[in-house]
Amino acid sequence: MKKIINDPNQVVTEMLDGVVGAYPGQIKRIPDTNVVTKKDAPVQSKVGIVSGGGSGHEPAHAGYIGKGMLDAAVAGEVFTSPTPDQVFEAIKAVDGGSGVLLVIKNYSGDVMNFEMAAEMAEAEGVDVAQVIVKDDVAIEDRDGRRGVAGTIFVHKIAGAMAETGASLEEVKAVAEKVIANVRSMGVALSPCVMPASGKPSFELGEDEMEVGIGIHGEPGTERKPLASANEIATELTKHVLEDLELSGSDEVAVMVNGLGASPEMELHLVNRKVQGILQEKGVKAYKTFVGEYMTSLEMAGCSVTLLKLDGQLKELLDSPSDAPAFRS
Amino acid sequence: MKKIINDPNQVVTEMLDGVVGAYPGQIKRIPDTNVVTKKDAPVQSKVGIVSGGGSGHEPAHAGYIGKGMLDAAVAGEVFTSPTPDQVFEAIKAVDGGSGVLLVIKNYSGDVMNFEMAAEMAEAEGVDVAQVIVKDDVAIEDRDGRRGVAGTIFVHKIAGAMAETGASLEEVKAVAEKVIANVRSMGVALSPCVMPASGKPSFELGEDEMEVGIGIHGEPGTERKPLASANEIATELTKHVLEDLELSGSDEVAVMVNGLGASPEMELHLVNRKVQGILQEKGVKAYKTFVGEYMTSLEMAGCSVTLLKLDGQLKELLDSPSDAPAFRS
Amino acid sequence: MAFTVEQALNWLTKSNEKIQENKDYLSELDQAIGDGDHGINMARGFDEVVKKLDGNDYKQVADVWKDAAMTLMSKVGGASGPLFGTAFLKMSMAAKGGEAVSYDAFIKALEDGGAGIKQRGKATEGEKTMVDVWSPVVKQLKEAKDFDAGLIRDSSKSAMEATKDIIATKGRAAYLKERSKGHLDPGSVSSYYIFQALSDCIEGEV
Amino acid sequence: MAFTVEQALNWLTKSNEKIQENKDYLSELDQAIGDGDHGINMARGFDEVVKKLDGNDYKQVADVWKDAAMTLMSKVGGASGPLFGTAFLKMSMAAKGGEAVSYDAFIKALEDGGAGIKQRGKATEGEKTMVDVWSPVVKQLKEAKDFDAGLIRDSSKSAMEATKDIIATKGRAAYLKERSKGHLDPGSVSSYYIFQALSDCIEGEV
């Protein structure tokens, strides 16, 4: 296992030191927790937005804290949901009196831990709403779908909505709209290695790839022979499009997300084909994001995300954000 | 070789399609070249800034095109300087009547090819100035030093200066000031693989690392046992600091740059220690950048860059840029 | 027979021992059909439970379980943290008020614990989760009259082994669909260790 | 004897053949002390040179060399592109105006070519670059009276081999300092192939 780390059991807390050390003017850490918040949290009368999950997905989630996006991010151990007490600390820290929205990715662990935190907060009189992102079309059963890179669009748009002074209900509604209209699918060319165990998450032959992977090093839904950039882009986009049911005049936001080790060059090759497919279908790519937004440690591979837009979503997507990992 | 590519000989041209496909509102490609320019190039009476080099360093260089940064980027084959005719096309495309600054990284190939392009442009009456970035302190001999991640600060600050309406001479002067005050050093944990050859750039044992590597997969200046994040950060920062000679009240910009495969988590661990060292020395980190800015395909590893700032450099570093890979 | 504070403490200490010993094995099981952290999560949590219990003087079984529950909830994370946390919390609530716990009260506590897992995880039997150990074990223990170390050992062992053939429909393993078959469920195996520890405690005292 | 347009064309065709054959070897050499692309760069460039020459009818050696120069400059890139491009451009300038080139004019052209490399690369002998083939070869050929295939072959071979012991101070290999010793310089090896091709051409016609 080749990693630039110190003690494998301290990676999360040390990483958070590094993140806060990079942007000390924008964010701060709640002492004795793995919670990072905006420096000026809570913002009075603004709905607070809290996200989080296991670590190993950097820049998710702390990189998305900023004006126009998240108010706090809760970091669990690597690939392990944070505990309810930590999420509860985040909720308390960002509640400016208008309530708090929890953006949860659809994993048993995340759902349960955030839910318990919500119960704790409600018991203390904080208004809490939850949305559960389930954008991964690799899973057929809609309710069982994982939350993956599409989560970034939920952060961005819910965050922008909160900035307008909207109510918790309104912010939740627009987040649900994003969730209803966003789809992703990913492929891995190599596994990732958890620092604590030092072992690869799965074994893959030199000429194989895992299709339909999540972001925690879980094996995918199908193992296939390694394909070209065009074939990979075509397969991922096909599944996403089948599920999203776009028609000719629709506009979408595109995200080609690197999982960790794949060079940006390769992401652009995938994007090239995705754009070609959309053009053929007459679907307009309103805005495109190519880069590492939701990673899985040093996994090689990528995911393709499409978000179907309407006027409201376009406006909120375009509005300013000063989060280090998503400036707009 | 596991890569998401199509034809290994077409990666550069296909990648550029992907880049332009991602940001069609901001950039365009000069037909039949590997040159990408701002969509509105040339900007009348603004000094044009051209950078470039071999491909495989994404987001360098096309990702830095934008208002407040580059006007054009010239892409060579992977790790191979672009040819003079290509650079010449870029110069012609961005000259708005106030001349063009070439930002060159100090490699024999880049220097010669850009120099020849400058000669061609001058023969056609275009004012051209050149600066050569040599920030890599792994090389003792100052004139022989490579240009690496520090180049991003040259792009940013020269680009910001050009935006103020400064003359070619003034823009060149501030670029030279950055070059005089920026130092970097890098380490690799794994080699990279050139798409055309399919072979790793060097062999490295499970417990080894290459210290003092460049960004083209060249072997480093020293092979050492794999060290911890703290040790790596300490070693890189030590060499950079020795060369930069900072005193207590100085302010610096910090860049912890990922070379490709290393997860952002690990970059933050390195940043944590770099910040600690600076604090100990009483040096203020005015602004910090952690991410992938100047990569070497899928090489695992990182570099540390420090730029000593004064009032002018701070102001130019802070001024707006809408380049996709460096928004500020 | 009644279940004492000392046994309650022993149970958690032994559970911790078994989990520490099998930490890598549990993670390997999770690697096959999950994300490979189950052993790490459980080892971290139970280590903290034992530390927490060590520093205190307990008068009631319910208090032991409550501290275990709170520690598991705040130290494990993932799916197993809230699930085992909830189980011990529900057990603590059921056992409130007595220094020692009768067999009937103990079974009622276990039953509430199992129900808590089902409710928190929105899972039922046959989904290849720890529910597939907790439910059948509770069902079989309910039919006994008193603590029976052998029954606890055997029922949890066969329930744990039976998870191998199930196709997962809850938890991360569900993403693999048919490919989840042929692998033991990690949370069921750690539940099995907890019941083995219980069996050992009972045996030591009977 | 004089060097003809046909020989000039043959020279480049043979150079291309040798470079294509040894493409991987040249890249391997570059991998050891550079960035591993030298074979790829040279193969791409010389392939284009041959394509370019194929489509044209040449009257002067100088024109063959000029087209070769321009193609190398615009297709190779890296360090070797401008260097070989400059070499052929200077040779073309020196040879202007004659259908065939006398031995003296040829040597003058080679000398200018070598000087062009030195100037463009700001390099001198002993820095472990292609200069270490061009300079000694030109020096030895100057002492001969006429084209001598054996001399070209031998002088370029021994010069190429001698680059192994040099510690690089120019080009990427310079970054390795002492570690560059013990490896041949890739640009010197490709220069050697070009001189071998020249030797073959001369031999075929003498």
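Which chain is which? They are A, B, C and D, in the order written, and residues in each are numbered from 1.
Going forward, contacts are C-beta pairs under 8 Å (C-beta built on N, C-alpha and C of every residue); 3 or more make two chains touch, one makes a residue touch a chain.
Bear in mind the structure is a predicted one, so any value in this text is a computation, not a measurement.
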Length of the line joining the C-alpha centres of chain C and chain D, rounded to whole Å: 76
Distance from the mean Cα position of chain B to that of chain A, given in whole angstrom: 28
Whole-Å separation of chain centres (CA-atom averages), chain A against chain D: 54
Intercentroid distance (Cα basis), chain C paired with chain A, Å: 32
Chain-level touch network, classified as line, ring, star, complete or other: line
All pairs of touching chains, each written as two labels joined by a dash: A-B, A-C, B-D
Residues on chain C engaged by chain A in the complex (per definition of touch): 24, 27, 31, 33-37, 39-41, 44, 73-83, 120-121, 169-172, 174-177, 179
Contacting residues of chain B [partner chain A, same complex]: 2-6, 11, 14-19, 21-23, 55-56, 58-59, 63, 189-190, 206, 209, 226, 228-230, 232, 256, 260-272, 275-276, 285, 288-292, 295, 297-298, 300-302, 327-328
Chain B residues within the chain D interface of the complex: 54, 76-86, 107-109, 112-113, 116, 138-139, 144, 146, 194, 196-197, 199, 201-202, 212, 214, 216-219, 221
